Every structure is written in structure tokens, then in C-alpha cells.
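Alright, structures below, take your time with them.
Below, chain A partners chain B and then partners chain C, in two separate complexes.
This part shows the complex of A and B:
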């Protein structure tokens, strides 16, 4: 081997040494399973035996033409996502603006709002089941307000708001810290210049601050969008998809299709659709929001 | 010294009240975990007449807490250290190597950031079964490597750019092998990213539910705390006093972790979020 060849060989070997462990891990846990899922989505497979019968587009045909439950889950997921993207971002932005001003105890307050976010969603769902039942009963006895006697988890019309409220309550702190970090990047001299030019608080917020924190908004909306579309844990422990099927999300529907009724092939078809949906919506959202970002 | 205006004091006051309301549900959990069953049924909002610690000892015993705590700790420790190891090495090398192959490899390794877990979980269970990674906390930890590596690798890849290339060259000239140069010289300099990666992955793995449910629920001995808590709640649909004690025990480790590392956690979560 010539010295040059040897050096190249050494370099390739080092490259492999550093990158192959990560590649192996990612192939095993994500990419091979993903490709297998795409393949399985064209098969009939009960998950128990190895045999997967190729049935072409049958799963997709059933999914798009016959599966009313899936479309109901689809609709609920979209409504939940839309609601939580709007509510969580508006609340978090408002709180962040207040917490970014010169006020006493802002670190303690920021930490307080973050607390629910460190608790797992499974536990959060369970805590709220307790609040909605035993807690609300006591609230009713104390206040006499009918509001607390509504069936917050049992009424098809109310349960949407319960799920929305609980997910927002859990995740608000996370978006809050993203917005606070964004607000801290706004240069002080720009704010001062606008004050000298006589811009009021409201004008200053919409004309100076908002455009400058657009990247924080992009990030925050991206996460709330994809977390909404993927909602599973909180539903699993709060309502388990009920009453009826009214709060079943796509992720829960996929889980049930595969692991409860053992239609693994059909479940993978649904999961491919979920993947495409999240991909398309995320790309669309990021494009739209990025185009509005400005540089200082 | 900063001057606070009356208006800002007013804002603090309002926000404090909002924060108290915000945390009130958690306060209810705490007070009810110390009550007797009949106290809960008569009034959830009242403070406990005396502190009933039996709730905790019962929950502790029935949940089989120590075993499941250790399982969760093992899975999280294996998962986090694996993610740090494979992604720091790959992120470093890919950032330093500026060839077409390196770029392709980078793309292959960060692609999973666009693939939601639910879209491949069904086949992941099959793969895990084939590789005998099912039914043990250790196997769960290993499965986390690939799930957490992409984001971590992306974060390391960005951070390596601010470490001067000369440092690598010096170490190599001094006779260190590539591995030693990385672990002794470069890796310590990447500490801020490492902290963020550890924080993000610890919070996620500790609180994760769906993957443990898919790969562990068959073997009762190897459950994680979240799974055990979920099963425990199933047993106590009405005995809220036990259940609330169970809730507190389950969230306690995360709360302690948060309180002791609060600054790093908030910083780490922001770093991870903004990177994607």
C-alpha cells in the first residue's frame, strides 16, 4: 500500500469508527422499522405469525373509503391540534411578555409555570380525572355553581374543552420558556429607539417585538402542531378515547388497530398516513412562518 | 439597583395569583394524599385533619416502588449515556469531515427528526422482538439510543463548529489517537451541549409511556414507574387517597431532578426546541 492510500484508508476507518455506532442505533430504532412499516402497509398481517400477505392498496382503500372511525379520529385530532396551537401560543406569548418586563420575582414565576411540564402526561391525565370528578364535586358543594356539575369527561360536547385545557395546562410552561428566550434576543437599543420615536406599547409590540421574535413563534408553533397531531398519552389516561370514540386521536387509533384488535398491516397503513400528514403540515407551516422572519 | 415601579409590582401581584391558581390542582394532589378515604369523599378542598402517612407506605408497597424505580433508572441511564456517546462522536466527525459522503451520512442520521414515533412503532416492536430487546429495562434503554440520537447529534454537530480545528491537529501531532483526541480534548469542551442533551433525554425517557407500554407490559418484573403507576391507578379507581399518594411518589424523582437542576433544565429544553 502506498503511503497516500494508507492515509486515506486510515481516514475512512476513523470516520466509520465515529459514525457507525450512531448509524446502527438509528437504523435499528427508527429507519428500518419505518421502512418495514411502509412495506407492511401493503399487506395483511395479524402480528402473531410471520406471514404477511401482500394485498396491494387494499388497506389504503379501506382507510380512505370505509373507515369512519379513523376519519372521526382524524377530525378530532385536527380540532384538538388547532385549538391547542392557538390557545397555548397566545397564552404563552402573553405571559412571556409580562414575565420579560422588569418585575420582581420573574424567575420564580417562570419556574412555577414550568412545573406541570416536568410531570408525565400519563400522570397529568390521571390527576385531572381526580379533579374533574372528586375535585369538582367539592367545588360544587362550596360554590354552588352548576358549572362544576357538568360532566366534563362524559359529555361529548364538553370533553373537547377538557382535553384541550389539560394539554394546554401541561405544556404552557414549555412554550413560555421558548418565548422568553426569544424576547431576550430583541436588542434593547431597537426598543429604546422606537420609544424615542414615540411608539406606544401596542405599536412597539406589533411593529418591533413581534417581527423580531418570529423565529421563536415558528419553533413554538412547529412543536405545538406536531405534539397536537401526535397526542396519545394524555388521552390514554384522561378519557381513553371516550365517551364513545369522541376523543380518540389518530395515534390512539393506530395503537388500538395494531395492539388491541391485532390488525398490524392495517395499523401500519394508518401510521404511514399520519407520517405524511405531519410531514406536509409541518413543511407548510415552517415555510409560511419562515417567510415572515426578519433579521436584525 | 433596579427600581420597580408600582405598575410592575401590580403585575407581579396579578401573575402570582394566576400562578397560584395554575398550581392549585397539584396542591390538591398533595393535600389529598395525606387524607383518609372518608375525608376525601366529604371534601377534597379541605386541609387534612391529620397527616396519614399510611397512604404512602401502602402505595409504596402495592406499586412495588423500589423495583420499578430501579428499572426506570436503569433504562434512563443506559439510554441517556448511549445517546450522548454515539451522537457526540458522530456529530463531531461529521462536522469535521467536509466530503459528500459525510453530508449524505449526516442527512441519513438526522432524517428521523421528521419521522414521528407513532408512524413506525408497530414495526419497531417487531424489530425489538427479533433482537431480544423486549421485556427488559436494559433492552428498552438500548432502543432509546436510536430514538434520541438524531436531535442530540444535530446539536453536537452545530456546537463542534465553534471548537477550533487546531485543537484536533495539536492532539494528533502530540501522538494521541483519534478516539483519545476526541474524548480528552474535544468532548470536555462540548459540555454545555452535553448538559442539554442529558436534560432533554432524561426528562423524556423518565416520563415516557408508550414505548415502555409496547415493549415491557408483557413482563411484570421489568415495568417502569410510569407503567406501574398506570396499572396502579387501574386498581384504585375510587380510592383516591392511595392513588394520590402513588401520583406523588411517581412524580417525586422528576420534581427533585427539576428543583436541583432547574436552570440547566429550562436552558436545555429551549436549546433542544430551538435546534429543530
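This part shows the complex of A and C:
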């Protein structure tokens, strides 16, 4: 063995040894359970019996042909995801531009917007549940505005906006941070050059800033997209899927199938489908957005 | 040298879980029973009982109390092999859900000290698969002061009575009901009570009724009395304040305690919360209307909360000793009526200091029907699913016909999966 070869070999070995523990941990805690659940999705199993009955593609057949509730939940999840991706990214970008300029108290404001993100979504859900019912009732008594007497969590037509509002309110701070960081990487000299060329504020934003922070947008949209598709905790604590099943998301539907109705096999089949959906949508989205990124 | 050390460390790390598991097995000495319970509102009483048992016998109960995610935690603990020595579940359908894990108590001496009627929900093929923990009842609870202040002296029994009372209260500016519609479990309890006599009178008994539903021979849409369910829900919604779909358990108990509303549909477990909000409150129990027939109107009375003993646990004998102590010792016999303040299923147990429990006993003694919680015989999971569908009806998403179809299709699916 030549010294060079030996060195390369040593390096590879060190690399393997250092990554081995992490690899083993990921295999044991993520990949192997995932493969096991893929196997479970082909069985009829209530999560308790010691035996799992292999039933082939029956679960998937039922899922695609005979489960209207799941597709309703899917529809709601898509609507919620679309809404939250649009609203949260637009709001966060707008606020980031504001908070990146020289306004007074911007540090305090940045902190204020970030605070809800630190609190667990479950708690946020319960807090807003209280605000929507008892809180709004007190507001109504002092202000007399009908707005507060709408049944924000009990009316099928309003509950979508309540859920959207709470989840945006919670996650805004996180995306704000990403966008502010993105804005700070935009080189001053490009901005100055455009100013000399006579570009106004609006043109400058759309022609210079926006293309340069495209990578931040990619990350934020990707993150909000996959979080939206997986939405669970805010629904669980705020509406518990109700009224009726009108705010049941796929994740909540999966949880109920597996743990409430005790259909583990069927529940894992649903989660495999959800996994594939998130995977496909994410790949599509990242491809699309990546192609618009520019390098300075 | 360094590399050597690294390899040794890596190997040690890889095996450490094995060593840890091995050490656990060897733990000897005084027995510790691993217990998983629900009903966190009883946490104080659980701990009191644990302390008393430790003082008398030296055995420790390591008790975990959960509520909303109880089922999921229990399920994952059971199928990961971390089986609690003692756990809780519902009666009826849960007998078969946990059949692989549950010890058969039929031949234990202390089972003979339990009221036979309380054992009905835990007996399968002559085998006693659980220990009825307490006897509970649910129906309409009313605030006696609100009724008296509004001149209501005759207690309502039929749907028309309830409507008349509600009208009167509403006219006097009192909200008649807090609905509890936001809780998926309140809706089925309210709804099934409105047809509580139907399975026995028209379908040859509760077991037969549920068997027919499970086999798909009977559909909800073919039960004419289902209209009583919708009539009752409509009534509660109509007189349930401006936001009937947002009322939850806390709203129900606090509104009743403060006299903001006159009636709620709840069970005896709500009394503690009600009296915590207003210790002076006087509450009573009303029968639930079954259409307009006053004679059949009754309360739902059953022993649903069940203690199960794991059959493969290495502390099986210790767990059985604990149950025996709970049934026969002085502290144990007094625990449910004296500390938990609910009705005890033990023969000859004392009566609890609870307004609802007293009214329950009085109602039953005066010949008011006490119906079993037959909806607990429905396959596991129907409570939540059918509850959500009924919630959809109350929110105006579906009409009566659509609701019935949805109930039938949801039930059929769960029944098929449970086979």
C-alpha cells in the first residue's frame, strides 16, 4: 500500500467510525421504525393484539376508494397549508423589510414577534380557545361589537380563519428571523449601485432584494409547506377537529385512526401516503424555487 | 492508543442499553407496582390511597395519571412490552380490546364482595375480566336555586316539559343550558340517553341490539326513535346560549355553579368541579327525556371505569393483594364513598357525601329507570367518531338524514375493523 493510499484509507475509516454512532442512532430511532410501519400498513392490526394479520393492499384500497372522511381531511389540510404558506410568508417578508429598516424599537419588536414561537403550540391552542370564547365575550360586553359574538370556533364558515390566524400568529416570528437574516446578506454595494442608477424603493425591492433573498424564501416556503401538511397540535388543542370533522387534518385523522379507533395498520397506511405526499410536494416546491435563486 | 480507546468507548456505548435493561431485571426488595390510571381530577384521592397502602403493607404503587392521551400511552406501553401491572379502561367493548393482556379475576374471593349488577360490564363468556372501580351516573344536572328563583317547582320529565321550562327560563333572562357540545364525549352521552329504553323494548335487549348493529342487520336510520335524539339536541342547542358549539366541560361546570345557566348534561364526576367553583351550590339530578313518555325517562347508571390486572406481570400476586385490600380493608371500603365521594360497587359500602350520588340513589329507589351505558358496548372508537358526527349535526353541517347515513357508515367501518 502506498503512503497516499494508506492515508486515504485511514481517512475513510475515521470518517466511518465517527459517523457510525450517529448512523446507528438514526437507523434505530428513525429508519427502522419507518420501515416497520411500512410493513404494518399492509396488515390488519389493532395495535394491541400480539399478531398482525397480513392483508396485502386492502388498507390502501380502502384508503383510495372508500374513505371520504380522509379525503375531506386532506382537502382541509391543503386549504390550511395553502393559506398559511401564503399568509405567513407574505406577512413575515413584509415585517422583515419593516424591521430591517431604521425604525425605532426594532429590537423590541423583533423579540415581541418571536415570543409566541417559543411557547408550545398546544398551550397556544388552549390560550386562544379561552380568548375566542370567554375573552371575546368580555370584549363584547365592553365594546358591543358583533364581531366578538361570532362563534369563531363553532361556526363552520369562520373556524378556518380562526385556525389560520392562530397558526400564523404562532409561527410568524420564526420566518421573520429567516427573512431578516436573508435581508442582511444583501450586499450594500448592489443597493447603492441601483440607487445611483435611479431605482426607486419599489423597483429596488423587486429587482435587487427579492432575487437575492430567494434562498431564504425557498427555505421558508419549504418549512411552512411541510409544517402545514403535518398540522396537528394547534388543531388538537384549539378545535379538536370540530365542529363535526370540519377542521380535522390528515395528521389528526391518522392519530385517531391508530389510537382512538385502534386501527394501527390502517393508520400507518395513511401515514405512508401522507409521507409520500409531503415528499412529492416538497421536491416539486424546492426544485421550482431553487431554479429562481441567483448567486451574487 | 487513542484509536483503541475510541473503539472501546464505541463498543461500550453500543452495549449500554443492554446493561441498563439487565440491571432493571435484577431489582429486588420491596415490591413496586406499576400503575397507569386516568381521571386526573382524582389525583389527590389516588395519592391518598397509595400512601395508606404503603403505610399498611409497605408496597409502593408507582402511579401515573393521564387523561386525553391515556389510550395512546396505554397502547404504546402495552405493545412495547412495558406493561403496567395495573391499568384502567372502560367496560364492555374494552373487554375484548385488552383481552390479550388482562388477568381473569373470576375465581378471586374478593369478586364475590362486588354487587353483581356492577359486574355485568366486565363479564365475557362467564369470565370476570375487570374490577369495577366505581358506579357512575349521568343525566341532566340542575341548579336548585335557579329553578326556585324562576318559580319552577315541577321537575321536567318529557321533551315538552324541558321545552316549557327552557322557555320560562329564557323569558326570565336565564340561559337554560350550557351544551358541552365541544367535548366529543358529552354529545353521545346526551344523545344515547334519549333512546336508552329502545334497545330493551324494541330490539330484544342491549346485547342483541349491539350485535345487530355490529353485524349490519340494524342501521341507525331504521330506528324511528332516533328522531328523539335529534329533537333533544335541537332543544339544547336552541336554548344553549349564543355560542352553543363552543361550550366545553369547564364552561358547563362553571356556568352551572355560578347560576349563569340552569341545566347541563353531565355526570356525577362533574360535581367536584361544580362545588370547587361554588362550594355553596345546591344541585340536583333530572331524568333525561325519552321523547314525551314520562314513564321511561330515566338516568344512565353503570359501572364503566374498570381496573384491569395484567396477567403476565411478575407482580401479579401483589396486584391481586392490592385489589383484595381495596375491597375488604376498612380504608379500601371507605375509599370510594369517603374520599372519592362517588358510589361504590362494593356490597354494603357507605353512601358518599355527594349531592348527585344521593339524588341518584333516591331516584333509583323511587322507581326511576336506571339504564346501562349501552353505547360502551359499541366497538372501541365509536364514541369519538359518532360524537364528531353528532357535533357536525349540531353545527349545522349535516341534516338529520345525512347525519344518520354518516353514523351508519362510520359505525359499519369500525365494526368491520374490530372483527
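Simple rule for what comes next: the second predicted complex is superposed on the first by the 279 of 296 C-alpha atoms of A that agree within 3 Å, B and C clash if a C-alpha of one lies under 4 Å from a C-alpha of the other, contacts with A are read in each partner's own complex, and residues count from 1 in each chain.
Rule of thumb we're sticking to: contacts are C-beta pairs under 8 Å (C-beta built on N, C-alpha and C of every residue); 3 or more make two chains touch, one makes a residue touch a chain.
Everything numeric here is computed off the predicted structure, so don't read it as measured data.
**Student:** In the superposed model, does chain B or chain C contact more residues of chain A?
**Tutor:** B
**Student:** Determine, under the contact definition given at the top, whether A:259 touches first (chain B), second (chain C), both, or neither.
**Tutor:** So A:259 meets both chain B and chain C here.
**Student:** Between chain B (first) and chain C (second), which, if any, makes contact with A:21: first, second, both or neither?
**Tutor:** A:21 sits against chain B and chain C alike.
**Student:** If you stack the two complexes on chain A, which partner ends up touching A:104: first (chain B), second (chain C), both, or neither?
**Tutor:** A:104: touches chain B, not chain C.
**Student:** Is A:64 touching anything from chain B or chain C once the two structures are fitted on A? First, second, both or neither.
**Tutor:** A:64 sits against neither chain B nor chain C.
**Student:** Touching A:284 in the superposition: chain B (first), chain C (second), both, neither?
**Tutor:** So A:284 meets neither chain B nor chain C here.
**Student:** Which partner does A:132 reach: the first (chain B), the second (chain C), both, or neither?
**Tutor:** Touch status of A:132: second partner only.
**Student:** For A:243, select first, second, both or neither according to whether it touches chain B, chain C, the two together, or no partner.
**Tutor:** second
**Student:** Going by the contact rule set out at the top, does A:206 touch chain B (first), chain C (second), both, or neither?
**Tutor:** Neither chain B nor chain C is touched by A:206.
**Student:** Chain A residues touched by both chain B and chain C?
**Tutor:** 17, 21, 24, 47, 255, 258-259
**Student:** So in the complex, which bits of chain A are touching chain B?
**Tutor:** Residues of chain A touching chain B: 14-15, 17-19, 21-34, 36-37, 40, 47, 95, 98-99, 101-106, 109-116, 118-123, 126-128, 130-131, 134-135, 137-139, 141-142, 169, 174, 177-178, 181, 215-216, 219-220, 222-223, 226, 229-230, 232-233, 236-237, 250-251, 254-255, 258-259, 264, 267-268, 271-272, 274-275, 278-279, 282.
**Student:** Chain A touches which residues of chain B in the complex?
**Tutor:** 2, 4-5, 8-9, 11-12, 15-16, 19, 22-23, 25-26, 28-29, 32, 40-41, 43-45, 82, 85-87, 89-90, 92-94, 97, 102, 105, 108-109, 111-112, 114-124, 126-127, 131, 143-147, 149-150, 153, 178-179, 182, 203, 206-210, 214, 226, 229-230, 233, 240, 243-244, 247, 250-251, 254-255, 257-258, 262, 265-266, 269-270, 273-274, 276
**Student:** Residue numbers of chain C touching chain A in their complex, please.
**Tutor:** Where chain C meets chain A, its residues are 6-7, 10, 13-14, 69, 71-72, 75, 78-79, 97-98, 100-101, 181-182, 184, 242-246, 251, 380-381, 384-385, 388-389, 391-398, 410, 414, 417-418.
**Student:** Under the definition above, what is the set of chain A residues touching chain C in their complex?
**Tutor:** These residues of chain A touch chain C: 17, 20-21, 24, 44, 46-50, 69, 132-133, 149, 151, 153-156, 240-246, 248, 255-256, 258-263, 266.
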